[in-house]
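Chain naming follows the written order as A, B and C, and within any one chain the residues start at number 1.
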Amino acid sequence: MSARLAQLARSSWIHLAAVVIIGLVVAAVPIIDARSFNLQRVAFFVLWYAILAGAWNIIGGYAGQISFGHSAFLGMGAYTTGILWYTFHFDPLLTLPVAALIAALYSILVGAPTLRLRGPYFAIATIGVGEATRLIAVNVDDILGIKLTHGVTGLPLPSYDAETVYFATVVVFVIAMAVTIWIRAGRFGLGLFAINMDRDAAETAGVPTARLQVIALAVSAFLCGAAGSLYAARQQYLDPSTMFSFNISIAIVLMPVVGGIGTIWGPVFGAILYSAVQDQITSLVRNPFVPTLIYGVLLVVIVMFEPLGIGGLLSRLGVVGRKLVMPRGGDADV
Amino acid sequence: MSDEIILSGAGVSKRFGGLVAVNSVDFDIRRGEIFGLIGPNGAGKTTLFRLLSGVYRPTAGLIRLHGREVGGLPAHKMNALGVATTHQIVRPFADMTVRKNVLVGVEYGRSGLRGAAARAETDRVLELMQLEPHAETLGRSLTLARRKRLEVARAMATRPDVLLLDEVAAGLNPTEGARMIELIRKVRDSGVTIVMVEHVMKAIMSLSDRIMVMDLGRRIALGPPAQIADDPIVIKAYLGERAVAS
Amino acid sequence: MRLIEALVSALLVAGLYASSSYGLALIYGVMKIINLANAGTMMLGAFMTWVLWQWIGIDPVISVILVAPTCFVLGALIEILLVRRVSGQAPIVSLLLLFGVWLVMESAAYLIFGGETRGVVPAYSQATLDVGGVIVPVTRLVVFLASIVILVGLELFLRRSFLGRAIRALAQDREACALAGIDTRRVGTLAFGLGTALAGTAGALLTLVFSFDPDFGRVLQLKSFTIIVLGGLESIPGVAFASFLLALAENLTVTLSKPALENLVSFVVLVVVLVVMPGGLAALLRRRRLA
């Protein structure tokens, strides 16, 4: 039975079908129960976190370049939409592709020089880039003497139909998952995993490591930018210290690492856990730092004992066959 | 072995700070030959190797491939031009199966194949290197001999004109060594020029058409194995080691 | 006159930065591990100092006597229980691990102490000295002098004592050390503990100059990264020199443009140095000498 299951999991189409089914189910929520605002809110955030976690996983999990600065791309996307909406009154959801593109372009700008760095150095560079981006976003109005981000006072935005944003989020989620599944199954993903395992050996085997890494980061940033755009449309207020904050960058790293780095469903597990902890623990304990403590402990435990995170744990418990959770490019995986 | 020169070096040098690892070396490698590179430890063989594969750039001198200057090009560009390398310390992709390892070479090398054709090519290479029975084993679980064959397989998958083998026979027992020698001959017979660095004299003496000897960064001899074995300069460089020429 | 003021001010700040970077430099130099928990240890040192000052009234400089050994033990424990377990794996693994430790430390501090900003104000906290026409706050002078003492002490320790030389040897060639009969694991643990102690000491001293909350240390840590990369990761004097350069650069930025951009300088320098000069200034100088 589990051999058959392993065989099935090998096929990307199954994963894709699962994503579409989940998408349809989640999309049905507001249709079935128009008053289910809380469920919608929870679902929105789980999907939104999953998009971010899945996006990070492409550069962090597949290519192995750990980024602690992904909030820069999220913020870029959010502010692109925010500024276009505020200044030119464009429909925010129509600006989504632009926002995503701007985030991707920014990632190429900062990624091209830094992706050359290995492991920990790249990680530190991303912390620097993330923080620098935040400072620029907060101060750009003062420096250039214009009104762009409105600095610390924040950018207020008109209201927009939450349900439309919700459906857009479902669509972006499905696309993001489809992208990660497709990458993993194909030549591009193969190259990324090779870079992850041994960059020099990949080079000598013909893999253009620099180019592939930049592309992976660009795709990752594109999806983050899209998520930023969705956030702007929903929250209707943007503040640079939050949007570009290190805390968000931390969360974006935590989710896929805890859920299962480099796997397809790991980021989703991580997003669900993160969302659950944020909601449940915060309402129980009322202290925002208890979740952080939990994540810290989880991170330490996972790094030391189960690098494949929740996905790995599930496979050990036999819930999903061990063969289903292969790290970093193995044949079958979750 | 033809007379056409496929890979050549003129005055090739490499310094690391104050250390001169390769000192103005000239060489011509002919298409289809098996060209051996030997020398005592620290002679600069591996450095020369890395200069040829694109890992290092030369500090001075020219390296030419098919007559075109290629010194300093990065490894994946060298690969695109037809030079593939194996490593002294074998580096399979640890968490990928043998099959996937070779697939990387097929899809990113010069075969230009994708999809089903790429998978078929992978099977062909696996068969060539006698790795078929282990196709689904993870890189990290392979024995040394199989890892070495995988290194060669991955390099061959990129359809090189020149294959650089860095101590490919090291650490193998006599049976595995003999098998490797056989496979290298098969590779050459398929049309690939081979440059090999070796310490295992039996391998390099029996396989090479010509051998270049290095010592302290310089070339000290170049010729057929029999000539090298009798060369007093070579013997002096190796004084203190037993060079087994057979 | 303004130039001298600027230089003196930069010098004093450099003392601060250098103190907070020594620990990071030592741990990286010896174990090739980037200790993201460094910020957490600095914060720990600061809070310990605050507690001691609140309850017993001990001056921060004196409390180093208690803070340093405590942090040493903490560091050694972290190394033995956690870091050592992942020592064979890719460097990114220890990075994530120590990141997790930092998160735990920071959130624990928030839970225990709350998020308010605290300060330590000994009797001389407002005092200033007139040094040749330049007004110098005593607290900053104390920190500066302490950083010199640490610098000298550390250099002496690393060059003269057996343990210090073992640590330096370990930084250069682990295998050779093992072959020479040095207990690499024990030396590694001691080095990590020493690095943590240095960070805790920095935290203790910095309470004289800054008010702090549990997030204290994060920005400082980023500047420390900049400094150790700039100064060349294995050189203690390099750290001191780079601290001065960074402080100077920040000072210039603040005087020439907006104060808010002071931190931006370090981040930009960090990224630029990482990309352009991975060996830091020390490597640049080495290359010059040999060419």
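A few remarks follow.
One rule holds for everything that comes next: a contact is a pair of C-beta atoms (placed from the backbone, for glycine too) under 8 Å apart; a residue touches a chain by one contact, two chains touch by 3 or more.
Just so it is clear, the structure is predicted and the values come from calculations on it, not from any experiment.
The count of contacting C-beta pairs peaks for the chain pair A-C. Comparing chain C-alpha centroids with the centroid of the full set of protein C-alpha atoms picks out A as the closest. Per-chain Cα centroids separate chain A from chain C by 33 Å.
Distance between chain centres (mean CA atoms), chain B to chain C: 47 Å.
Averaging Cα coordinates per chain places chain A and chain B 42 Å apart.
For chain B in complex with chain A, the touching residues are 53-55, 74-76, 79-80, 84-85, 87, 91-97, 100, 103-105, 107-110, 114, 136, 138, 154-155, 157-158. Residues 64, 66, 110, 113-114, 116-117, 119-121, 123-125, 127-129, 131-132, 135-136, 138-139, 142-143, 246, 250, 257, 287, 289-290, 292-293, 295-300, 303-304, 307 of chain A are the ones that touch chain C when the two sit in their complex. If you check the complex, the residues on chain A that touch chain B are 187, 190-191, 193-194, 197-198, 200-209, 326-331. Of all the residues in chain C, the ones that touch chain A in their complex are 34, 82, 85-86, 90-93, 95-97, 99-108, 110-111, 218-219, 222, 225-226, 229, 257-258, 260-261, 263-264, 266-268, 270-271, 274-275, 278.
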